[in-house]
Every structure is written in structure tokens, then in C-alpha cells.
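The same chain A turns up in both complexes below, where it pairs with chain B and then with chain C.
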Partner chain A sequence: MPFPALEVIRKVAGEPLPELPDGSPNIAMGIRPIKEFVKPYWLASEPDVSVSLGAGVKARLQYAIDSQGHFDWAALMGTFSNGPVMLYLFDANSNRFLSNKPVHSTTICGSGQRYFRLPCPYFFNVGDSQREFQIFAENAVPGVGTTVVSIVPFGRRFYHKEMPPQMAAEILRDYDCIMKEYPYLLVPEDYDFRGVPPVLAANAKTQFEFEMDDSADLECSKLLFASTGAFTFTLREKDKDRLLMADLVHSSEGWGNAEFPVYLMDSFLLQRKRQLIMEITDLSGAPNYIFATIAGIRSQYR
Partner chain B sequence: MPLRWGEAVVADLQSAQEACVGHLAPFVSRPLVDAHGREILDPSGRPIVGVVPNPLKDSVTDFKIPPKGGPVTLAAQGSAGDEAELEFIIDSQGDFDWTHIVGVSTGGYTLHFVDPGEQRRLQNFPVHSGTVVGTGRRMFKLPEPYLFNVEDKERRIVCRVKNITASPNTIRLTLVGRRYYIRDAKPDIDVLIGDSIGRRWRTNTYFLVPKEVDKFGIPPTLAGNGSARRTFVMDNDADTSIMKLMAVSTGAFSFRIKEEDTNRELSNGTLHSDNGWGTADFPFFLSDSWFIERNKRLFVDITDLTGANNVIYLTMAGRRLELR
Partner chain C sequence: MSTLKIPRLTRQVTIKDYIPGQPIPELIRDPRNGRVLVNPLKKYVKPYTLSIAPSTITLAADGEPTDFIPMPLDGKGPFEVMQAFFKSQRAEGFTVQLFDPEHNPILMNREIHVGTIASGGGTGTNYEVFGAVGSAGRPFIWPETFFMNERWAGKCLFAVFRNLSTSSNLIRFALHGQKWYHMQATPSVAERMTAIYRDRLRTMPFFYTTDQYMRLSSLGDQEWTVRFTDEAWTEWSKSMIVRDDAFNVQILETVSRKAYMPQPLPDSTVFGSGEFPFLNWESAVYEPDFQLSFRSVNPLAETIDVWLTLGCRKIFPDPQDAVLLQPGKSPGVTQ
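Let's turn to the complex of A and B:
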């Protein structure tokens, strides 16, 4: 949560401020001490900020977070000169992927005007060393030629080494401890290892299955997609056979993208080893590639 | 427990506004009373609480202020009549809590707001309309509402506008906010309103523009593929908390931001303008408000990416914290 710049001051040097003439307690406003040590921060890939990807080419974008301060990653944005790519987000030090398969960049990369907000921040505790975050980008989206890609995580930096020790400890207590939950992206199991879906024939029907693995629950909050044509869909909980809608819904009414996501009215908890079935019918009358992504918070509390 | 990001990105803005303004709920709970003003008790002896309309709501409405004299048409840049002074009058009927800026124009222009009542400028140099003037669909929200306490007289805010296009420019500019009709309100309601909007104390909205601009807010043209440094200078009067970054340019550019005193950069590489600057409609929200102390300077190093001349208007929006 952003820290307000101001705070109420009730004591000076441990003593309450003198009472007001009418006997009521006195308060003052002051600058919140932590503000000096927290800055917005953009993370650029190194050594090159952008890479050129020909069709079918894959590259690894590396992001080094130096030991100056913790990085609280909150949003993602990017530029693509000639079409989207598939992205696989990886925390190298924790050996942790942030999705079950690569996801379409249109579903998770916003712009400066409307960046993609992670369902919850991802905290990189640098300790005394540097941390490394990686994004595997692959030009695997059908029909996309050579494209120049630049992807930028955005968040804030806690310069903990300059903070008073107690403040630094409080930051770790409040933020690092929540790493039992972190942002996670779920794509259907039916997609291939590159995250590319099977093509849906014109006017045809199919179903995709989102499945949560056995190690965590997913609190789903946003529905995101990219496709080559319109479609209708339903979502159904497999274990209960319960639909999340009364009838077919048009794709543009139920799915958004990184810049304008569809927010669920209440977060949907997809428990571990449970499945969510998406039944789809093409409306475009042409072959249709449907890249669907569910964004949520992966919780490992049990 | 920290708020989740989705809830929290504008929480700093909201906290500022809510702390000072508060949301006036349409209903409030209140103990029910009989004809003699005595509380009605339930069988267990506790007061029965009912829900009634908030008495403050009668005295508060949405309010829009166009300039006196209506829209203005400015001559092409460089000709006589390419600038004008717009005057927004807040009559003495009630306080005005200015929260948004909207407008329509046939081209770009620069603005310079002055509050004559407080002898206060709301920016260090004129700002480009594309960075602070939104539309009805996506209004530009001030980092903090600006309260005009009218007391027994009228208040006004003056906006000096200058056309920066080569053709005539018709400008309609409107200030949007809330009106508190204190004259209509009973004295106790007036006190309640005063408490809820923080009539006595506020920080205030402020726009920062680099010092390289001319007196009309127009920056030097950046040559194709050229580089330049833009310097944002904080004056000696107040600390500033920056919340949003906006830019209007004739082409893409790359940038890096650095604090002079700490020599600290806000990124580990050079970034595309699309990844760090928004517009009035869709501003770029910083992940945490950026606290800049008085007399400090910020450097924004920019490089043109278009290969052609590039005019880049940069604006930072935040709050002035005049607390020490």
C-alpha cells in the first residue's frame, strides 16, 4: 500500500504536545519518516532494454535487482513494435514461475497510461545480495513477424540499508512475511508448452480446462484474453458442476486485457486440484486462437 | 496487513482526500426518539437505532464552474490574441471543493492557474492542456481537492491560457467539484460540514514542469535522435509529494529519472516514454508517492526515438506539503 506522505503527530520527544487552551489534546501533522526511503522504481532488462524476436525465436530478459534496496513489484507494462509475444515470468532466486505456462503478452502487459496491476505485489527481499527476475519471451503467437519487445516491471524500492533498523525490520515484517501469497497467472491445460492454444475451427465449439496444481489455492480476481475473433463462453466449476453465468456470454462482456481487465465481482477461490471449465463457441466464422488467462493470488496457507 | 495492489494504487490519493474531505454517506444511523426527544428503547433497554438520510447531503451537490464569459477563441500562436485570462468565479453561496479539470479545445494550449485569494500559483510554469485537462468520461483528478472557502465574499481562480497551435483555438475549460451550501444549512450542519471537509487546513495541488520551458510553458525542441536533460526544481517553500506523471509529445522518446542530491535513479535502465508517462485522461500513477524535499532537483534525461524534431511537454502532479 502506498504510504501517505503525512501523519498525525501526538508526541514530541516522547512527551504529548501541550493541551489546547480549551483542554483538548493537541495534534500536529508531519512528514511520514519512511517517505524518504521509498521511491517509485522501474526495472529495465539488462544488458538490453529491448530485444528483437523473429518468428519462433525465444529470448531471456534478465532483471537484476541490486542490493541497494528491496523491490516491491506492483505492475507490468511493455511495448511491442509489431505484435505480441508469449511471456513466462520466473523468479530465478526462488526458482518459481508465476504462471503454469507462458501467457500472452496482451493479457499481462499494459502501458504507462494503463499498466497491468498485479493481483498483489511481489516482494523481492534483496538482503545483502542481488536478486534476479527473468522473463522468457517467445515469438510464438501465430501470424506475428519480427517484433521488438521491451517489458518493464514497475513498483517501488525500499532503501532499507539507509533506514533506521526498526523501520527496516517493520518493512520486512509487513511485506516479506506475506510471501505465502503472490500473484499467479493460470492458463488452460489444453494449451501447448509455449502457451499457444489449439486453433478453434470456424463456428466450432470446444472446452478449455483451468486446473490449479496441488500445492496452492488461487484466488482469481481478473479475466484476461486475446483472440483472433469473437466467441461466446461459459465458465463452470467442474467439481460442483456449477455455472458462473446463467447462459452464454459474449467474449467482450466477460474477458478484458491487461489495460482493461474484467474484474470479478467477488474473487473466486479455485482450490488446489480443482478445475474450472471454459466452454467456447466461435462467433467469428473463421479459425480462432483464444488465449485466455486468469490472474489471481496464489495462496499457500495450508 | 498491507492492502492489495488493486485496492491500493490510488489509496495514497484517496487517503489524502478522505482525510481532508471524507465521503459524505447518504445515510447515517441514529437512535430513534419519541415526540419529546427521548430515545426509544428496545425490551432489553438498549436504544433502537434507525437509518436516516444524512442531514449534510441536502447541503452538498456536484458543481461545475465554466469561466466567466464562456468559451474563448484564441488566435494562432504568435499573433495578437493568442492568450487570454479565464476567470472562474465562486460566488458566496457556499464553499467550493475543486476536484477535477475537464475541457474541450480545438488544439493544444498551456495553462497557468493562480488563486488570487491566497496569492498562490498552482504550478511553477504553465502546463500543457494534454497533461492536466481531462474529459467528461475521464476527468483529470487533482492530486488533492482544492477548497475555496468563500465565507462572506466571492472567491475566484484565474487561469491564463495560451494557444500553442498554428491555427485559432476554441477553448472550453471547466472546473468540477462539490459545492457546500453553507448559507442554506443550519448552524450545526455548517459546523459538521466544516469538520468533514477540513475547512481549516489543507495541503494543495501542485504541478511541476521542468525549468527549461519558456514563460509560456513551451519546452525547447529536441532534435531528431538528440538528447537533453530536463530539470525539475523544487522551490524553498514546501516539500512535494509527486503522484502522477503526464507527458504530451510529438513523438516517442526514452527517459531516465534521477534525484540530484542522492544521485539515485528511479530505474536501472533507459525506458520508453510509453512505459512511464501518461496523459490527463490516463495518467501514470507512481507506485508510491514520491517525496521530494524543498530545494531539491530532479533530472529527467530524454532522448528522441523518432528521428525527427520532438517537442516534449512533461508534467508531474502532486501535493505541496507546507508543514515546516
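Let's turn to the complex of A and C:
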């Protein structure tokens, strides 16, 4: 949550403000001290902001977070000159991927007008050194030619070295509490190592299986997709054989994209080593590539 | 009362009869006894739209600013502006600047493109296209509501427009918000209304654009400044743009050279539009007279005209104790 700019002040120099003439307690509104040290911040890949990817070509986008301040990453945007790519997000210092496989850019890259909000922020504690975030981008989406890609993470910067020490320590203490949770993207196990799904034949049926690994639960909050045609689907908890809908649902009624995601009205907890089955029937009458992504909060609490 | 607090099932009734920027709550809880009441303010606060008079005007093709166009307010009570809308016959749109009854400029540091503070031009995002028709469903919500209190009653807000098309342009411009009918309210409600809008005197919305007109030279690498005014702190929360073509931009603090991105980024990842503004996830607060720089890198061999607007709110010092407003110098907060 962003910090409000104003806060109530009841004391000055440790003393309560003088009472009002009628004897009631006095309060004032002042600017919250931390606001001076928190600013919006955009990451840019280096050395080049944009990279050109021919069909089948892969590139590693590197984002350095210098030691000026912690970076609290909240959103993702991108520009694509000629079609989407597959993206694999990687925190290099923690040696941590933020998805089980590469995900389709349409499902996680918004625009300045509608950026993709991560299900929860991801905090980069720079300490006294710098951190590196990486995105592996691969032009693996069938039918996409050479495309020029810029991917831009956005969030806020805590300039902790400029803060009073007590304030800097408080931030780290607060963030230490939530480091067991971070945003995570889940794609079906049936997709290949590039995140590309098997093509669904015209009017055919198939099923994909989302499975959470054995070290964390996923609190699923957004359903995101890109496809070459319409389809109907159901979602079913495999272990309980319980459907999340009464009947078949059209793709446009159940899945959104990075800019306009479908928010589940209540988050769905996919526990570790449990599966969610997506049963699909093509409606397009043509071969259909269905890239589905579930975004949520990976929780390592037990 | 349930201790589960199930979201959306347990009705959390506020004790606040007024929350800035939001509709007046219908039900409130009496803090003295916990009873739920109909908010007495609700009967006397209504949605309201203030348009220019006449409601449509034709801007000449000469590109000159118009005379002062009145937006008359009646004397029935304060008007709180929350949103803005426009229609423009020409896609190029027009500029707008608003003035108070004494013709002093308010709300913006110079003329700004209407498409950066109001909804009505249609827009396209990465994956969707939204036509101008139906854009009232995507209102531009001002970063702070603008409370026209009794000082304005019976007077006019004035607008000056300038056509950006080379053809004549039939336009509309309207502000939407809520009207506080304090003249018709019971004395106790009227008194409460007065207290509310007096509380609001310390904040107001403000739209900043670059100090100079932004025309990016062909393949140029230029820097443009935005200087915040010196009478208030500024909180920047939204960024909007209208431009001829794409370019790259980097935002820096002019004096410290602290950069908000390591290098220039595509403008579509830094700015939004009037219908879908870019929202700073964390708003940035600046001291009076602060200056930001916008470095523009034009990758094209042609000039690009840019209208850039920062949606901000001004926070005026507490007249009783300016020390309270200075972060780090408010011992009651930091100790």
C-alpha cells in the first residue's frame, strides 16, 4: 500500500499540542516524514532498453538496482513492436524464478495506461550493494516475426541511505515479515519448457493441469490468457473433483489479460502439490494456441 | 457482532460522514452508541455537472485562445469537482486553462491539453481500443477534489480554450462532482458542511505541465523542466500525455540529478491518457519550488509535439504552525 501524504500530528517535541480554547485536544495534519524518501521508480534493462528478437531468438534482459535505495516492485509494462514474446522472470541474487515456466507477455505486461499489478509487491533489499533482476525473453510464440521488445518493471524506491536510521531500520523490519510471500505465476505443466502450449485442434477437447510445487502454496487471484481463438472451459480441483463453475464458461467470461485481468471474487488457495484441472473445448474451428496464466501470491508459510 | 469480518458479508459501516474524493456514505455509525443512521448529509448532497455556457462552442481555426468562457455557478451551495469530460469535433483536440472569478489562473501552471485532464478522446492500450463514444464510463478522476465553497457561490469559473486543429472545432467541456445544498439544509447539517469545506482549504488539485512548450527536435536529446509553485507542497500522483508520436523519456530531479529510471524509457510506460492515466503506485511529495526534469529522446527524424501533464495536489502549510509540515522537523512525529 502506498503511504498517505498526510498524517495526524498530536505532539510536537514530545509534548502534546496546546489544548484548544474550549479545552478539547488539539491535532494538526502534517506531511508524513517518510514521503520525502520514497519516490516512484522504473527499472530499465541495460545496456539497451529495447531488444530486437527474431523468430525463435532468446535474450536476457538485465536490470541493475543500484545501492541508492531498496526497490519495491509493484507493476510490469512492456512495448512490443510486432507481437508478443515469452517471458521468464528471475531474481538473480535470490536465484529465484517467479513462475514455473515462461509466461506469455500479454498475460503479464500492461501499458502505462493499464499496467499489470503484481498480486503483491516484490521487495528488493539492496543493502549496501546492488541487486540484479533478469527477464529471459524468447520469441517463441507461434506466428510472430521479428519484434522489438521493451519490458519495464515499475514500483517505488526507498532511499534508505538518506533516511533517519530508525526509519530505515523500521522498513527492513516490516519487510522481513513478508519475505515468505511473493508474487508468482503458474502455467500448466502440459506446456513445453518455453511455456508454449500444445496446439488444440479445431473443435477438439483437451485438458491442462496447473500444479503447485511442493514448497509453497499459491493464493490465486487473477486469471490471464492469450489465445488464437475462443474456447469454453471448466476449472476443477483434482483432489476433490470439485468444479469452480456450474457448467462450461466462455473464455471471454473467465479470462482476462495483463491490462484487464479477471479477478477472482475470492482468492483461491492452491495448496502445495495440488492440481487444478482446466478442461477446454475449442470454439474457433481452427487450430488454437491457448496460453493460460494464473497469478497469485506464493506463500511459504506452513 | 461477528468477529470473522468476512469480506463483503460483514457490513463495515463507517463513522465518517464525509470521505474526501468519495461519494457521501449513505449509512454511518453513530460513534456514541454504535447505531447505524442515514447520513444527514446525504439528503443535501447531489451529483452535479457544471458545463460551459453555452454548452457547445465553436473554436475558430486561427489557433488563438478564446475569450473567458463562463461556467456559471448558482448560489445554492458549494460544488466539489471530481471529474472532467470533453467532446471535440476534431481529433487534435484543444487546450484548456481555468480561471477564478477574478480571472486569476487556478488549477494549472499554463494551458494544458484537454485530453490529459479530462475523458472524451478515446484511447488505445496495448491490447484494447476504446472509442470516444462511451468514454464517460472511463472518467478522468482528479487527483484531489476541488471544493468551490461559498466564495464562489453565484459567481463563475472561467475557461479559456485554444483550438489545436487547423479547422474550426465544435467542443464541449464539463466538470462533474457533487453539489452541497447547504442553503436548503437544516442548520446543523449546514454547519457541518461549512466545517467540511473549511477543512478542505489546505489541499487542492493542480495540473503541472512543462514550463516551456514541448516540441521535440528531430533525433534530439532535450531536457524540459516542471517547476512546482512556491506556496505549497506538491504531491504528484498521475501522469498523462498527448503526443504526435512515440519517444523515450527519463525523469530526474533537476538539482540532485536523482533519476527515477536509469535511462530513457518508452513514453507509453511512463505516461497514460485522460481515460487511463498512469498512476504512481507511490505518490511523490515535493517541497515548495521543487523542480523536475523530463529528458526526452526523439528516435525519429521529425519533430514531435508533446503535451505532458502531471496530476498533483497542492498541500498548503498549516497557517497555525508551518513547522508541522516539514518532514524531519516535526518532533512529534519522528521522536
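In the analysis below, the second predicted complex is superposed on the first by the 301 of 302 C-alpha atoms of A that agree within 3 Å, B and C clash if a C-alpha of one lies under 4 Å from a C-alpha of the other, contacts with A are read in each partner's own complex, and residues count from 1 in each chain.
To be clear about the criterion, contacts are C-beta pairs under 8 Å (C-beta built on N, C-alpha and C of every residue); 3 or more make two chains touch, one makes a residue touch a chain.
None of the values given here were measured: they were computed from a predicted structure.
J.: Overlay done on chain A, so just call it for chain B and chain C: clash or fit.
T.: clash
J.: If you stack the two complexes on chain A, which partner ends up touching A:G78: first (chain B), second (chain C), both, or neither?
T.: So A:G78 meets both chain B and chain C here.
J.: Which of the two partners, first being chain B and second being chain C, lies in contact with A:S221: first, second, both, or neither?
T.: first
J.: After the superposition on A, what does A:R156 contact: first (chain B), second (chain C), both or neither?
T.: Both partners.
J.: On the A-aligned overlay, A:I297 touches which partner chain: chain B = first, chain C = second, or both, or neither?
T.: first
J.: After the superposition on A, what does A:C120 contact: first (chain B), second (chain C), both or neither?
T.: first
J.: Once chain A of both complexes is superposed, is A:G112 in touch with chain B (first), chain C (second), both, or neither?
T.: Both chain B and chain C are touched by A:G112.
J.: What is the contact status of A:Y175 with respect to chain B (first) and chain C (second): first, second, both, or neither?
T.: first
J.: Which chain A residues are contacted by chain C in one complex and by chain B in the other?
T.: On chain A, the overlap between the chain B and chain C contacts is residues 2-3, 5-6, 29-31, 35-36, 38-44, 46, 49-50, 64, 66, 72, 74-75, 77-79, 111-115, 150, 152, 154-156.
J.: Help me check something: in the complex, which residues belonging to chain C touch chain A?
T.: By the definition above, chain C touches chain A via 7, 123, 125-128, 202, 233, 235, 239, 248, 258, 260-273, 275-278, 280-285, 313, 315, 318, 320-321, 323-328, 330-335.
J.: What residues on chain A touch chain C, complex-wise?
T.: 2-3, 5-7, 9-15, 17, 28-36, 38-44, 46, 49-50, 64, 66, 68, 72, 74-75, 77-80, 106, 109-115, 150, 152, 154-157, 164, 167, 257-260, 266
J.: Under the definition above, what is the set of chain A residues touching chain B in their complex?
T.: Residue list for chain A touching chain B: 1-6, 29-31, 35-36, 38-46, 49-50, 63-64, 66, 72, 74-75, 77-79, 111-115, 117-121, 150, 152, 154-156, 159, 174-175, 178, 221, 263, 297.
J.: Okay, in this complex, where on chain B does chain A touch?
T.: Going through chain B, the ones touching chain A are 1-9, 11-12, 15-16, 19, 201, 203, 239, 241, 245, 259, 264, 266-279, 281-284, 286-291, 319, 321, 323-324.
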